[in-house]
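Contents: one structure, followed by commentary.
Labels for the chains are A, B, C and D, by order of writing; each one numbers its residues from 1.
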Amino acid sequence: MLKGLTRAGLGSIENDEQFLKLASDAGFDSVDLNARALIEQYGEKGAIELFQRYNLQLGSIDLPVEWRADEEAFLAGLPALTEAAAAARKLGCTRCCTYVLPSTDQMSAHFMALATRRLRICAQILGAYGIRLGLEFVGPHHLRTAWKYPFIWTMQDTLDWIDAIGEPNVGLLLDAYHWHTNNLTVTDLERLQPHQIVHVHLNDAKDLPVDQILDNDRIYPGEGIIDLPGFLRALNQIGYTDFVTQEILTPSAPKESPEKLVQRSKKGYDQVFSAAGL
Amino acid sequence: MLKGLTRAGLGSIENDEQFLKLASDAGFDSVDLNARALIEQYGEKGAIELFQRYNLQLGSIDLPVEWRADEEAFLAGLPALTEAAAAARKLGCTRCCTYVLPSTDQMSAHFMALATRRLRICAQILGAYGIRLGLEFVGPHHLRTAWKYPFIWTMQDTLDWIDAIGEPNVGLLLDAYHWHTNNLTVTDLERLQPHQIVHVHLNDAKDLPVDQILDNDRIYPGEGIIDLPGFLRALNQIGYTDFVTQEILTPSAPKESPEKLVQRSKKGYDQVFSAAGL
Amino acid sequence: MLKGLTRAGLGSIENDEQFLKLASDAGFDSVDLNARALIEQYGEKGAIELFQRYNLQLGSIDLPVEWRADEEAFLAGLPALTEAAAAARKLGCTRCCTYVLPSTDQMSAHFMALATRRLRICAQILGAYGIRLGLEFVGPHHLRTAWKYPFIWTMQDTLDWIDAIGEPNVGLLLDAYHWHTNNLTVTDLERLQPHQIVHVHLNDAKDLPVDQILDNDRIYPGEGIIDLPGFLRALNQIGYTDFVTQEILTPSAPKESPEKLVQRSKKGYDQVFSAAGL
Amino acid sequence: MLKGLTRAGLGSIENDEQFLKLASDAGFDSVDLNARALIEQYGEKGAIELFQRYNLQLGSIDLPVEWRADEEAFLAGLPALTEAAAAARKLGCTRCCTYVLPSTDQMSAHFMALATRRLRICAQILGAYGIRLGLEFVGPHHLRTAWKYPFIWTMQDTLDWIDAIGEPNVGLLLDAYHWHTNNLTVTDLERLQPHQIVHVHLNDAKDLPVDQILDNDRIYPGEGIIDLPGFLRALNQIGYTDFVTQEILTPSAPKESPEKLVQRSKKGYDQVFSAAGL
């Protein structure tokens, strides 16, 4: 498996190049960032060279489409999606991810129909560029009632939704935080096949009852109570060999320097991978 | 437009041949019945000859698949679906319909995902045989809370669902009863294109407030308060030229003879078509 | 049916506004032009006002994607496709068309597989914007051997291909010139359903044996030997009510003024529509 | 990887139970056979018990649909496909395969369109039952001109076709014999991802120039000139962990007893797996 970083949890990084340098210096294998923005700033050649210089891969881009609001907002994002996909492809990136909120202000069944069509179109466009779409189910309980109607939040419901979308290039974004807050176990992971997993997030949780864990209150791998070694062992066991990427969402920006936060992240990664025997 | 009958509302008809004879004698153009059962009883040649003898067309068959329950029940119906589709095709029938209940005991969003996949598979199988799948939205208000969670019941939500299913051969079954109980107007029909309509049901409603109308309390066309002439004119206006079929669901079987009930149906059809100028 | 014009056959028109004015002055109902270019020149509001001022509709845009060459060329066109579709939608246009050459330098079966996937992606993107994709089969015999391997050129093969593409919003662009050069008859048209036809071209052919008619040697409606009244009657008969648009491809630009060429086109349209009883 | 057998190459085996016993006695992991026929003979429970008793898995069933001929023949096979898929599912089988002849008497491009739609429908039905469809490209050169027009025979063309079919559950049946006769190398295999491979056939070829190797002149693994150790190593390298199944097509039935032929097969498997370091 490849160790990756997002900016979330690394404090105030100045720009993408600093982000790449920090990730590289700490021995990470990949970063997730906005491919299109990077190419706009450095040019295609320059962006490719940055990844080569720092010996990093681009793990995943974010889906730049507003699929949860109205139809006009959705359509307005499609040109940007083609540009984002083209940019990701130039940088060798084959993943694009979005998250699924567990409740919604729209009637659930109708919103599911709309969202199924919209994400299918996104998947079709991404698929043209050889890019897969990862859907992240979101476990924290408080979000299940944060909006008017319940939507979906379990891994199985998300897999069923992926079947309903029906495109070959759609799979899970599996975040250890949501795995934990859904009370999932190693056995649940062992039922997956590796190609069902598009991307993996690695985060840890505070020592709280599962139903009190907040979505944006994450901590660094190894510093909390999630069985991350079990999580990683199960992924390795089923043959998953791709990115495992940190995304520490916190109520306020961490105060340490990016250098220290990257080191802290690396230490956590080393600890949980080592505990997993990997 | 072609005037059609189902058995619903015609009392205790003995068998399909009597049904065909009654429909033909009264001057109807089509019947809806179980094509596979007819062929099993009369043979393919015999069944074709029956339709020829009575100068009738087969309007639509019912979807013989349990798509609302669990996965095993769903899969168990697929062999029967291929047989039903093959039988319908032999009799020149190109329509198959199912209804959509406005509430469900399953969580709405997850059930929508499951139902989208299941109805897509049904549509794909039917499509192989040149048959379209019509989805009937169901308007009566009492059914919106008859089960635990709301599902969908409006025409627009159903059209959005058809887009989510994403197969070229899926459209609406448009029932005047559900048009009325959804407070829809002629303008709503005029926005449709004819190929979006797979099948049409013609029924009338008692003079009750819309939110008190019960689903299985229908009456014969022309005997109630629905603006059936406006309904028919709008369908004609947009270029719909296919079947318009009666389906009188009642709390108990009507007591008149099938002969009288068919005549009553015919009289109602003549009245509302005439009032529509058709 | 609505009478439409492309620029092909109208000589050297200076710009889109002149094109719109000429079409309007001559009493046409629609033009086909590049929606995106129009909006780039006049702004969205300005472009909409132009169509309103001249009381015209936008019939169809051309597919701005190179789907016949290599994969990179194909992908390079997708951002432009999203922009073109968004522009068409702003102008109320729901059609986008491309033509299918009857032979190819690529191995036929493999090229069919590639083209099926590529046009499906185009259809999916267009479908998001409510736009249909019309595929124009091309009849002239000389093109069947103009490249190394035969591809497809008949209406039936194109309908089968549309089924293989499998998207709800794909249909035929039916050009009277290709109908004629395929030796098709009124009966062939009567088998179609109106929603299978995305767009129609009206052109006439010189009095030559069918297998000697050249693709870019077309003449004005009514001046040649194609049974255009029969063609139009059949379209009307099946319920087609949309655009019928002229596209006169010629070996060299016509020398008359655009004003005279538009009048000549209008005279031809009036003659063949009148002969069709329409 | 799991070592599997078909009956092809095992001489005159009396029935499925003998086949299972022979495979089990020789230490194979799986057999390919007709699930539906087995259940019809032994009942569902009896068939499951047979596989348990002999400690074998069911690798794959054959696609029971005639997708290469006319539409009626194709449709006639769909009910049997639903029954076959249901039977396979009961026995825990998740694979169904068909082969692709490299030439055809139908025009190539049109046949590709027809076959794309037909195999998509097959894949959709199989997918409902959780079964994947494997397409076997066929390499021997003599078959490329055995029928009137060339179709496809390379791995890349087949992968492109799988993309055109567009269903998530379609992949390759990779036969070492066709890999060899297509002059493919270990590098070509290393470009694959394991989920692109639905099934694998292991056969060997006589020491002949590649373009003279006949399709039904195969020999036992290890007795010929194909680099089977390299083939297996590459599959293992990319993470393929599923069935590798023998299918020895020969001009006449082998004369040795099934017992001896199974031993010969086992010896060959052991030799090439051992040479591969597996």
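The rule we apply is simple: a residue touches a chain if its C-beta (ideal position, glycine included) is under 8 Å from a C-beta of that chain, and two chains touch if they have at least 3 such contacts.
From a predicted model like this one, the values you see are computed outputs, not experimental measurements.
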A-C or A-B, whichever has more C-beta pairs in contact: A-B
Copies chain D and chain A - interface residue numbers shared by over half, same or different: same
Centroid distance [mean C-alpha coordinates] between chain D and chain A, Å: 37
Rounded Å distance, chain A centre to chain B centre (Cα mean): 45
Contacts with two or more other chains, residues of chain C listed in rising order: 166
Touching residues (chain side chain A, partner chain B) in the complex: 107-114, 116-117, 120, 149-152, 157, 160-161, 163-164, 166
Residue ranges of chain C in contact with chain B within the complex: 166-168, 193-195, 239, 241
Complex interface listing, chain B residues touching chain D: 75-76, 78-79, 81-83, 86, 89, 121, 124-125, 127-129
